[in-house]
Amino acid sequence: TNQACLMVHGLDRPGIVAAISSTLARHGANIVSLDQHTDDPAGGHFYQRTVFSLDDLVVARESLEKDLTAELSDRFDLEWSLTSRSTPKRVIILASKSDHCLLDLLWRHRRGEIPMTVPMVVSNHTDLAEEVRAFGIPFFHVPSVPGPDKSAAEARIVELIRGNADLVVLARYMQILSPGFLEGVGVPVINIHHSFLPAFIGAAPYRKAKERGVKLIGATAHYVTEELDEGPIIEQDVVRVSHADSAADLQRRGADVERAVLSRAVSWHCDDRVIRTGSETIVF
Amino acid sequence: TNQACLMVHGLDRPGIVAAISSTLARHGANIVSLDQHTDDPAGGHFYQRTVFSLDDLVVARESLEKDLTAELSDRFDLEWSLTSRSTPKRVIILASKSDHCLLDLLWRHRRGEIPMTVPMVVSNHTDLAEEVRAFGIPFFHVPSVPGPDKSAAEARIVELIRGNADLVVLARYMQILSPGFLEGVGVPVINIHHSFLPAFIGAAPYRKAKERGVKLIGATAHYVTEELDEGPIIEQDVVRVSHADSAADLQRRGADVERAVLSRAVSWHCDDRVIRTGSETIVF
Amino acid sequence: TNQACLMVHGLDRPGIVAAISSTLARHGANIVSLDQHTDDPAGGHFYQRTVFSLDDLVVARESLEKDLTAELSDRFDLEWSLTSRSTPKRVIILASKSDHCLLDLLWRHRRGEIPMTVPMVVSNHTDLAEEVRAFGIPFFHVPSVPGPDKSAAEARIVELIRGNADLVVLARYMQILSPGFLEGVGVPVINIHHSFLPAFIGAAPYRKAKERGVKLIGATAHYVTEELDEGPIIEQDVVRVSHADSAADLQRRGADVERAVLSRAVSWHCDDRVIRTGSETIVF
Amino acid sequence: TNQACLMVHGLDRPGIVAAISSTLARHGANIVSLDQHTDDPAGGHFYQRTVFSLDDLVVARESLEKDLTAELSDRFDLEWSLTSRSTPKRVIILASKSDHCLLDLLWRHRRGEIPMTVPMVVSNHTDLAEEVRAFGIPFFHVPSVPGPDKSAAEARIVELIRGNADLVVLARYMQILSPGFLEGVGVPVINIHHSFLPAFIGAAPYRKAKERGVKLIGATAHYVTEELDEGPIIEQDVVRVSHADSAADLQRRGADVERAVLSRAVSWHCDDRVIRTGSETIVF
């Protein structure tokens, strides 16, 4: 494919769309789809995702980027990124013992549904090693160490990830990561929380949901920040439950929502559809 | 109609279903639908809803109730209630200025969708008087009094309700009611909270939802208890929102969910489908 | 408000987005939101909706339209329309005896949820006259005539509508309209069909749904064309049903879906979010 | 587990519930959950599903069945079946090249979510052999023969299935089966159709859905009868799509609905929750 995606955001001012589209047109690009959002017409923020096709993208790229720098960075003080649609994201997945989120991602990956490669899976348990390797994907076991100091295990994981990933996905990875981990990997981290946040923050959400007697249970995929379960939400969904469902039933039915929500979030991220805006996300 | 509904609950023991159905059969009743639930096969609680038809129900009722007392109360120590399906519940609605939940209930009432009568609507504002009276329903204005002591206004409302209602519905009634109010009215009270509880407990849930960047907003209908927003949940639902929705959009879209959820909860309660079990509900 | 909406569609060619946005920028407009879609990057069709703010829109409009004609019509051979966001659509509603779709539209209109005025309601029955007039809206009764020739009644309705409406909505209007009607009114006509099209085309869909034993029932809002129930679909939705629901239950639960689907479709049309493309719609 | 499920249906008469529950009580059984439905209180059909626990079920079974025969068959002329909850259904799956429905069933089977065993998978292609065998399940390849006469291939499949299955599942098995196949296997057959039936009966539903411009696509799990796509529906669901989705997108998103719908239908069947009633199903 000769398609590319241009993501732009920053302070809104008149003329940005014209600047972007004129620059693209000057280089002979044809816009395939364009989504633009301004959170406040008077002095708000500007967000735009533009997918365009351009022959000989590899050759034309340097010249195009130079013009985008002049138009967007210098003239409008905007942040932007340009990605070729033919370069999949490198996604490293961390898992523990639960297989539902991990397998759904690997299965979609094999079907070609998500524009990603999976360089490796890292787990603090060995339960899923065989499954992962059956997909032709390297599996690394980094055991959790008991006690409060997780730095050695984290350092080992960071060593594996650093430079090899564009995205890290916590597919029901049951370890709390330190703020240093985020800094260490240097790429976005997406987590799946097994509740409809901000309901049931923290541990054992299905048990809490059963005790509270809710009629819907949910799952939330979000970027990981230093605050537990407080990062920008990418996607959420729910499923109906009833009094007849035990806490184990909730967990089983919730697993279906978890895997669906996480797969959509990862898919959108890899498709360059998500822009973070402080505590929220724009999903185009 | 000659149909009645028998609701039974208590400690589970073998033979309860047989006792209920045999008693009904002895009186010539034909069971139309039966839902039974046990929360733990070993020593849990028993819940059953039975709808049956019986010719000359009015005449046969005394004798049937005597037998049910012997079989259910005396022999099995169960709680039960028998209601004729031809006697609608008397539902008094409290509202403030918002019309969406109130009008949806009155409109469904007029269409005959909910087995209820509405003896009156009480509001702390006069905005909705004309609307309510156009439905042929009495409207009473009981203004809120400023300051912390709401006892005079509450006493006036209790005076209107007491003895005239089988259910009180708070259709976006924007006043905190005291524990004494619940005791005073002496019947169940259903409230609609404009969030997916337990997320966004308390005031301004749509603003909080916008700030948190959630991708779904919801509403929760629950029985009112002394703890704010903590009563047993009857029904919940959600609707998808996006970054393009302002807080005002959330409020508008949420109103659709609120009215749908409240109407379902009231409908189920009036149809004798809901049993309270401490902090939860069984909805048959 | 000083906002306007520009809808553009036609054969795709490189440079269209740049032409539109540059023209707007030259006139000092600030783009608030922009959605663009191309159904085939190589030689497909181009669709774009642009909302922008422009001071003194009334004054600037003539000059802007002249430039848009030069850029879009002459240079790119595109179709476009420019509407001021401060001018609501004039929507005339046709109804029969059912009130649910009609009242939901009138209620949302009163709340200011839909950018429309309702110059009149026309019905072939008088049942809803009082309800409509309570909203302060004129009601006209045009009785259906028995027999196959409906031309007199239709002519009377066309006489009422022609020149007074930007959109006609059939809110469960239970008369088949002739092809001449569409031509006569000269504006788009939206209908609500009480099934998930193309399932259960034609009469009595709820009875057919009950007989087929479906587990979901739905509703479809579509533009009316000469072919019955074959026009471009704007919106659809479904609700879950079960064996316990009678045909009457399906009808009652379906009514909730019908009013929601029709209100969304009318709202999107009035908000200039819908572009017809032969047999389909683009909904931005 | 010592639990069993009793399914009863036939012409409704007063006293059936009492007869069932008294018989169970006499044998010391404790009812865990009971669902009963009558499609018409006056002379309709009676359906009941009862789950009960009974110590030493294996020993007590013969005596219980004798009494059920006397009470239900002889006295009330009802059909009934008694199944032990500790005996999983034997489910043989037929597949072609698509893996999504098959793998979802095998994955849920491995997690213990569905009370079934899978004695074998039969396919007319070899693509999925390795995947299936990785689950420890036998895989048989029975190639389709070109031409209209499929009897030889069908006979081979029937030979494999007959006596070894309680249920046959067509997990996107892309061959039309003859009426003789149904008779040959002698057990219920469940199929997944990739549309919301009765919309888009027959081949290529996603292409037809794209052409019609629907806003939701769906899937339908149904029992197979002699009429193609006309058998009793067990479960249906839908997912929202838009103009931006290509026919390939519809197929991909539809695959998620297909696997979810088929897994629910198979799960409910294996859990003895489904009763066929001519052209419909009761799902308790």
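The first chain written gets the first letter, and so on, giving A, B, C and D; residue counts start at 1 in each chain.
What we mean here is this: a residue touches a chain if its C-beta (ideal position, glycine included) is under 8 Å from a C-beta of that chain, and two chains touch if they have at least 3 such contacts.
Here the structure is a predicted model, which is why all the values come from computation and not from measurement.
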Legend entry - Number of steps on the shortest touching-chain route linking chain B and chain D: 1
Inset, instruction - On C-alpha atoms only, rotate chain A onto chain B and read off the angle in steps of 5 degrees. - result: 180
Legend entry - Interface sides of chain B and chain C: same vs different residues, half threshold: same
Inset, instruction - Could you work out which chain's C-alpha centre is the most distant one from the centre of chain C? - result: D
Inset, instruction - Could you please state the distance in Å, as a whole number, between where the Cα atoms of chain C are centred and where those of chain D are centred? - result: 41
Legend entry - Centre distance in Å when chain A and chain C are each reduced to the mean of their C-alpha atoms: 37
Legend entry - Where chain C touches two or more other chains, by residue: 33, 37, 244
Inset, instruction - Name the shape of the chain contact graph, picking from line, ring, star, complete and other. - result: complete
Inset, instruction - Spell out the part of chain C that touches chain D in their complex, as residue ranges. - result: 37, 39, 196-200, 211-216, 218, 232-238, 242-244, 277, 279-283
Inset, instruction - State the interface residues of chain B toward chain D in the complex, per the touch definition above. - result: 3, 12-22, 24-25, 28-38, 41, 48, 53
Inset, instruction - Sort out for me which residues of chain B touch chain C in the complex. - result: 33, 100, 103, 107, 111, 113, 134, 244, 252, 256, 260
